[in-house]
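Going in written order, the chains are labelled A, B, C and D, and every chain counts its residues from 1.
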């Protein structure tokens, strides 16, 4: 259980790191959407390992096949099944993982919960699982873009203790993609990259913060009281491997302000109700208010490091683990398209839910 | 849509601040649980306004009635319907709210989303809605307690810029309840209370952070990849009025550590696999690992303040609002039982889901 | 579990026959719908016992209270909570039911499943539970009627072996309500009533068939492959107390035809695609085709009879039961508004689902 | 939407008749179940076309691949993704179907609902879609069998007007499989086969009734009030292509009985509560009562016939259609494994739901 996400635009992902492949089934995709495998592939390529010197060198093309739901280049309203075959399967690299629980990985909890696990490359708990999310998110992003021009932009705002300054304007995709670390501030990006290379040389790892901004949203997305927009975004982000925190608008920092400093005054601007500040982060009462959506997700340092660590075996013996093999010293650059994908899935699903209740009937 | 929470222990809440009442229907409650209205009432009394000098003076008994699902003092496995009538209905205090959108409240978004709203006391977006959550959570807490002694303890860890020091041992309920602000550190609590009184005298408000710790959990709760334990907790917390952030374990602070500093080493202790540190916060790979669960939720300063604020009317005219009436300068003390309730709902639901898949069959 | 129905227009019912009351929470009702308690009451009155000489004499006003979701006479888009207090509680009539399992009732299965049950009047398994369905269905019916004039008409087509002749035209509500048995064919109705009186005088009971026809539906309702329109209707009907069968269009009788006799030819009529016959019953491939929807539901004879019956006690002793007290010799007349309500709930939910996927986006 | 089925053992199917393939994702499968592709293949082979002279000659191996969720021969508790590639794709046979709506098929409703459809072989509405159901059902059947020996047996009870006599004992699998028509009464089977051959020679088709019996069920499966066991079975059966009716126990025939004739008396037998008759069909109050589960499903005559039929084109012109190509004169024999699969899915899901609420906690 737990491998489906969404209510009306509903995805179900499956697959392990070293099984036959990974994939996703999308149920509820609107019909008549023009769609090609290449469009989805472009997003997968942003997530793919081996893109640059600072991410894991696993070499896989991650070539996408659309198995169903498409006819003559357009969606048919029936389920889309998307498949990426695993090709770079080197189980021999992972022999030690069969025996020893890797600290701060999912080995121990999977083994104990299910009484069994696929240990090759982390099995289901591998970040490779996110391929399905990114593929589905690519479609959601396209639909949102076609529907009034919603634009979703995630980027790396912090790596270890190196943070970019808050930025007023909306970063362009080109700025984000300009550097290997996907931080739109070039100078900060350079320092981040240096830091990542430094910890990699130590066999160590670092985490960071991904920020996400969305513009072009209508007022009204979010279904109180439980399915508030920020609640579903929080769930989406905390469902990502290695994520440890989520904040929207002023977030934890907002605690330092008084109400008189924190409240966003309303004002009429160009015939629309606007706020003069945006500490709400684009949601009020769980519903989008038409301002820019703004949220941040914290990712811990990668659990896989190349230094010896204390751990136990599956037979309950104390031991030491010295990981070898592939090593991604910082997941942040590759987390960017994943954050965008999950945001798109939440927003599209809420768009459909909002429409169903509020736009379907004439009264 | 959006007023149900949970999969197997599923609650549906309803009600507005100044309608006939508020309530909750619980579907999936295990049968044969001994239960009285008084037990639930005790938790409602912790949430109730008017408990102390630092919270809103709204005076309501919030008397609970159990309408169904109970027979001769035990649950029957059929839905429990719980009702609290509204009694302190003073719509006259709120006339201005009909006309003007209160900044950083839900007035504008509800009005725009639904084309209509009950403006009295915030209607559905009032924190009064959480009564149903607390009532259902009281039952979930009791079941968890009966099942192996799971203990959930939330408390106020920060108000404005006043934070208690990190604390190694598990705070007792008595310590939490000892002060009006529900901070288990008495000296810090005193300073928090002074700050709250100070901002109240200014007609202003403050926010803060609630920490929650859970001990006694088994290994195995959490359903990857989307319904990870921390993902559902994040959703639960971000579904609360005024919440702006969530973090589990090391959270946003963990970003400052390297992997070698952040990973939790495994070790055998008393025949069990344990970790020597707990930056994971009790979850690994989305599944509880048997260590103490630890998470934090940020709440913004109360949006209602008694200072004049710039806003617009429902007809789109710029205006000024000077709120009168009840005013809760800090929601944190009353948020404590609500956080506990939501945590209990998530944990019990996951306990049942885990059991269904992993404990039902003999292979 | 199992007390909610619907995806987007979602109801959750609760309550036992002799508890404090019964009710329903409706989540997802579109906002701005004009609504009064009196409109809902009118449907409840059709379901109410004591309407005529041929149904159970239980005397309850079944007075409805709307607790939430309504403001100034219109729905607000937030949950509607509807409550009917139980008033005619005579537990003394049911002492024997505490001890002995009534044959073909739910006593034994509830007791065994849950280890406990409320035996008063059948508790949760009482047909009184359907009050919440009828109340919610009244709202769904109103919305469907406002949306293009969908009209739902159920009626009693058979009682015991007395069946009305197939009827080409759409029966009017007045015709259905003209007789106590709710059969629109007056002569057949008279014979049905005589049969019901006859079996009642014997302390016996009879069942029958309710037919339901719906006109004014658009093409497109139904979500293959599992949530086909007829699949959800079948579930809705088989979820009713005492129902034993469902058929759509030609149903079981269609088995006697060859394909060349059974297929419905397409033809253009007034610019629309129509069929010249309707053995499909208004659905093809699980989706409404714009023809009249037609389905039938079989109800068994009421399990409560006043003749002595062989049974066992809750302690596992063979015994005899001779029911006393209220006795409804035929549920069919009261099943008519319930069938209509469930049909309305299915159709409205599918209307909203169809719109969300197919009408929300401009491509 | 609508392509998932089940709550805890949840399947999502995808695929079109002439796309790349068809498949299913199973979420919630218990871990540690021994499983091979061959076991599933055996059930697929029962469903496969081309098995005998009386079914469609489409020649496909329908070779199953398990893409995920299995490790070293046992399930891991993570999603199982099952894939069957389409191999016999002869789109040229279907050119006419692009232009003309086939009577009593889903062509017109799909085209109108979605504004587009894959016309090749019926696309998503093809019975080929049921491959995923049968594959998932094979796993559910195995689990049920391992868990206390639940046995599910479906068979063809009627073809056109040829019905087998009611049979007291439980038919063996060998008896069912002994004839091409899957009727366990050999003499009746012979007549059925003759009838099917006869209508085939006329280019016509026939329908029939599949009966299903389940023994070995515990008391307690079913979740009133909406998710009654028979309600979910009814939905499962009416979700099958070509099904038009469902009845449980006495069904429509039970209407002819009085309550005194219909009720099932309780009696103690071998220390257990039993009934002396089984007109309830194994369910009372929506919950299994430990007796044999018995239900029947009506299937209409195959819509594809080789006689000329009146219809319209996608451009709204009256025309005539004379189908050519493959033609399955009677779906009944191949419906047998599909009915069993759907029954298994419903029963296993309810087993897990029942356990979660009633077996998880010690009170």
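In the analysis below, contacts are C-beta pairs under 8 Å (C-beta built on N, C-alpha and C of every residue); 3 or more make two chains touch, one makes a residue touch a chain.
As the structure is a computational prediction, the values presented were derived from the model and not from experiment.
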| Among the chains, which is located farthest from subunit B on the basis of C-alpha centroids? | D
| Chain pair with the higher count of C-beta pairs in contact (A-B, B-C) | A-B
| request: Take the average of all CA coordinates in subunit B, do the same for subunit C, and state the distance between these two points in whole angstrom. | output: 39
| message | From the mean C-alpha coordinate of subunit A to that of subunit C, what's the distance rounded to whole Å? | response | 45
| Separation of subunit A from subunit B, taking each centre as the mean of its C-alpha atoms, in whole Å | 26
| said: Quick check on subunit D: which residues sit in contact with 2+ other chains? | reply: 1-4, 7-8, 13, 28, 31-32, 77-78, 113-115, 124, 224, 353, 356-358
| note | In their shared complex, subunit A is touched by residues of subunit D numbered 1-4, 8, 10, 12-16, 19-23, 25, 27-28, 31-32, 65-71, 74-81, 83, 113-118, 123-124
| note | The answer for subunit C against subunit A in the complex is residues 7-8, 28-34, 77-78, 143, 146-147, 224, 351-353, 355-363
| note | The answer for subunit A against subunit B in the complex is residues 1-5, 7, 13, 101, 103-110, 112-115, 124-125, 129, 158, 160-161, 199, 202, 204-209, 219-220, 222-228, 230-239, 241, 244-252, 254-268, 271, 273, 275-276, 279-281, 283-289, 298-305, 307, 309-312, 316-318, 353-354, 356-358
